[in-house]
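Notes follow the structure.
When the chains are written out, they are named A, B and C in that same order, and each has its own residue count from 1.
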Amino acid sequence: MRLEITGLNVRFGARSVVNVDHLGVDDAEIVGLAGESGSGKSMTTLAVLGLANTVGATVAGSIKLDGRELVGLPEKVLIGLRGSRIAAIFQSPSMAFNPVFRVGDVALRALRRHGLTGSEATGRVDQAMRGVLLSPDLLRRYPSQLSGGQLQRVAIALAVALRAEVLLADEPTSALDVTVQAEVLELLRELRSRDGMSVLFISHDLAVIAELCDRVAVMQAGSIVEQGPTDQIMSGPQHPYTADLLRSVPAIERRG
Amino acid sequence: MIEVPEAPAPAPTPAPAAAQGSRGWLRSNPLLAFGGAISALIVIIAVFAPLIAPDPGDAGSATHPFDVLKPPSAHHWFGTDQVGRDILSRVIYGARISPLVALFVLLIACAIGIPLGIAAGYFGGWLDDVIMRVTDIVLAFPALLLALALAALLPPSMTSLTIAISATWWPWYVRLIRGQAASVAGRPYIESCRALGISRRRIIFRHILPNAITPLIVQVSLDVGGVILTASALSFLGLGAQDPTPDWGLMVSEGQTYFTTDWWVVTFPGLAILITAFAFNLLGDGLRDLLDPRRVILR
Amino acid sequence: MAALAALLEIAGLEVRFGPVRAVDGVSLDVAPGPFGLGLVGESGSGKSTIGRAVLRLVPAAAGQIRFDGADVAGLRGRELRDYRRAVQIVFQDPDNTLDPRMRVGPAIAEALAAHGIVPRREAGPRLRDLLEEVGLDPDFASRYPHQLSGGQRQRVAIARALSVQPRLLVLDEPTSALDVRAQARILELIGRLRGERSLAYLLITHNLAVVSELCEQIAVLYLGRVAESGPTAELLAAPAHPYTRALRSAVPEIAASARSTRIVLHGEPPDATNPPSGCVFHPRCPLAIERCVVESPSLRAIAPGRLVACHRAEEVLAGVALSGAEQSDTVQPGAPQPAPPPKG
């Protein structure tokens, strides 16, 4: 498993918010983490990024990237890993970019920080932008001049340009129009198939997970209550919570 | 059929549970408790000054030529000033002066600032334009110079000082309240009120006002120190308190020349200003937290 | 054609915010309850603005809104008060939908008192009934909004709207900000209230699945105009507008069998300050032809009860393929790359 989480426990003082026995994402695989708000799924993302302590949480357990243990690594090492090996995109794309910088500058700076020269960086970013179906010209714009969908794609392009192996996507399409969402999901599928990226896709929208993810883990109150291939879980949930979630999803009714 | 209520709103960050009972209240609002205590102390000192001060006469025009510039001692805890007056007594009586000026100035500023701010923020349009332009004009004058000019026109006294400073203070509050009122007025719950046909008067007083006013409470407490300092600057220029009034600011100004040799003349009144401003600041912070309904405990 | 007179008639409604035409000539009818009309669209479609215009929260630049035959814009005094009882709205954002400084009970009692239904002091029993009706424990009356979950807050908002006994309820994305189970419960509540109170509602949402469960009629909006409208089941089963087809195909489905070929719309959601020429959808339309660039299609009947604004509606209805291969006989979009798009 490229990303392997074992016995992960995230706490705020005595209160445990994440208690995951096992969760893994393989090469070229999209794993969905489904749950409602308060289920601990976002804290799990932060823990993988080594950022849980910034909100005052303590992390125990094991998170391995290609066999290398991440929990307990010094911040300096983690900074090197973030973005280049593990990338993340979040729900609010506009908040991911500093509004006073052009998006291209942010991307280039990130690449140079990870060791590329100026021209190498520009080349990679341009190529990545084309890969997400955006014109590299858009890099000269400020975040406020781009739509939510475009910003999300730029964020993905950055992950691609950095050759990230693992992409953590925390509700990346919840704030997007459904047609734009479809494009972003298509893009994620391509990243998996074309570039072999591992994606951990966190969402409360089961329908999106059903369409996108190869495997799914259902999270409730910090623990994974059910896990397995998507088709299997969606058609035959074992856990009552999963069943309840599935029952709650409105469906377009089919007539005649 | 009544449904079992869903789980209560998940806390965004695990805030310490607000304990019940009076002791728990104290523990969860240390700022308010401390600030409130000191502020109350200052008020008590002001009220009971004649009983507390060792030499009440020194707060007035008494002079003691043989006790000039004596350092702090058992007899004079804060030492004596340049005409031999007991500084402790003067500082105690001073609690009646500067904070009172600050109180009146801020009250007046609020009395003008809040209605104008809400009118501008809620109604918008031409009313907003008119109010803000007038506010901008007053703000265009450097505050101290404006207060100076006004104070110079009036006979020097604490009353004139109060009027002069109030005249320069209200525009900031109009700005502050206007911004908040405008922001609140745009929120869905205000739209709901309008859609429900709730009267405009009720919307303004029951919904806009309480929600717009919170930043003002903190601002006012922060301004206590600011007003005291402004008052002292004006007193220094002879436009406010006159000797022998034991105004702290005046005492600091008067004692400046002796600072290097007789530090106590300036230090104790200065400390009084510092502590008063700090106490009200804490009080304001604590009040703001207390007034935030998110902190209210269920039953 | 409905035999009953429409409860709410919107005719040629236009709403402008400065130079932007948020609503650009929309006509819709809502029948008396129990009845649901779904307004579906993405950002910039104008659907929320229409809801606000119905409540007279924003002024109409042109067109008319008639309730029970009377022009809403002309109502004053007593008649306006009655209108405010008859038509109510529930907003999307559960965080800002209630005054954070007011407890639930007084918030609802306020509505009752505003219309003289029950004085504030005697509102107790009525409050209990209302809270029970929306599935909340009567104890909730003493709570503050921040002590409730998002779903519970929405229920309070619904209770408050219902307190004045409206005949028409505008629901502006009532579940978009809620978790999936809370969403299901609110939708269930709406369905129940519809039957119990013979309620008519205008359900504004971007979620086609929600509409299909609760609305008999649906109107699909794009950039302030109606793309197509008609009976929900029919329209969703066989759309007559390319946008509806694309929207439909973009909706994720749990059941693999329900998924159709994804029609990916390229380009960004339209910019209302710089709308494309001709048919506003043409830059993203897989079926756009020259005519679409120059001529804006008007809303016309394509089948009984079904209106559509598209030059090639018949083909779409007949099921012509919308995938990229078809673009050989289409033109490159005529509009320039739109200026930076607006926010959501």
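What we mean here is this: a residue touches a chain if its C-beta (ideal position, glycine included) is under 8 Å from a C-beta of that chain, and two chains touch if they have at least 3 such contacts.
Computed from a predicted structure; not experimentally measured.
Q: Taking touch as defined above, what minimum step count separates chain A and chain C?
A: So the least number of steps between the two chains is 1.
Q: Looking across all chain pairs, point out the one with the most C-beta pairs in contact.
A: Contact tally peaks for the chain pair A-C.
Q: Specify the chain most distant from chain C by Cα centroid.
A: The most distant chain relative to chain C turns out to be B.
Q: Between chain A and chain C, tell me the centre distance in angstrom, where each centre is the average of that chain's C-alpha atoms.
A: Distance between chain centres, rounded to whole Å: 31 Å.
Q: When the centre of a chain is set as the mean of its C-alpha atoms, what distance in Å lies between chain B and chain C?
A: From the centre of chain B to the centre of chain C is 49 Å.
Q: Could you list which residues of chain C touch at least two other chains?
A: Chain C, residues with two or more chain partners: 150, 182, 185.
Q: Do you know which chain A residues sit against two or more other chains?
A: 37
Q: Residues of chain B that touch two or more other chains: which are they?
A: 7, 10
Q: Help me check something: in the complex, which residues belonging to chain C touch chain A?
A: The touching residues are 42-43, 150, 179-185, 187, 206-210, 212-213, 233, 236-237, 246-256, 258-259, 262, 264-266, 268-269, 340-341, 343-344.
Q: Which chain B residues qualify as touching chain C in the complex?
A: Answer in residue numbers: 1-3, 5-10, 187-189, 191-199, 202, 206-207, 210-211, 293-294, 296, 298-299.
Q: Within the complex, which stretch of chain C touches chain B?
A: On the chain C side, the touching residues are 52, 55, 57, 80-81, 84-85, 88-89, 91-93, 96-102, 110-111, 114-115, 132, 135-137, 140, 142-144, 146-152, 157, 160-161, 164, 182, 185.
Q: So in the complex, the part of chain A that touches chain C is made up of which residues?
A: Those residues of chain A that touch chain C are 36-37, 133, 141, 144-150, 175, 177-183, 185-186, 204-208, 210-212, 231, 234, 244-256.
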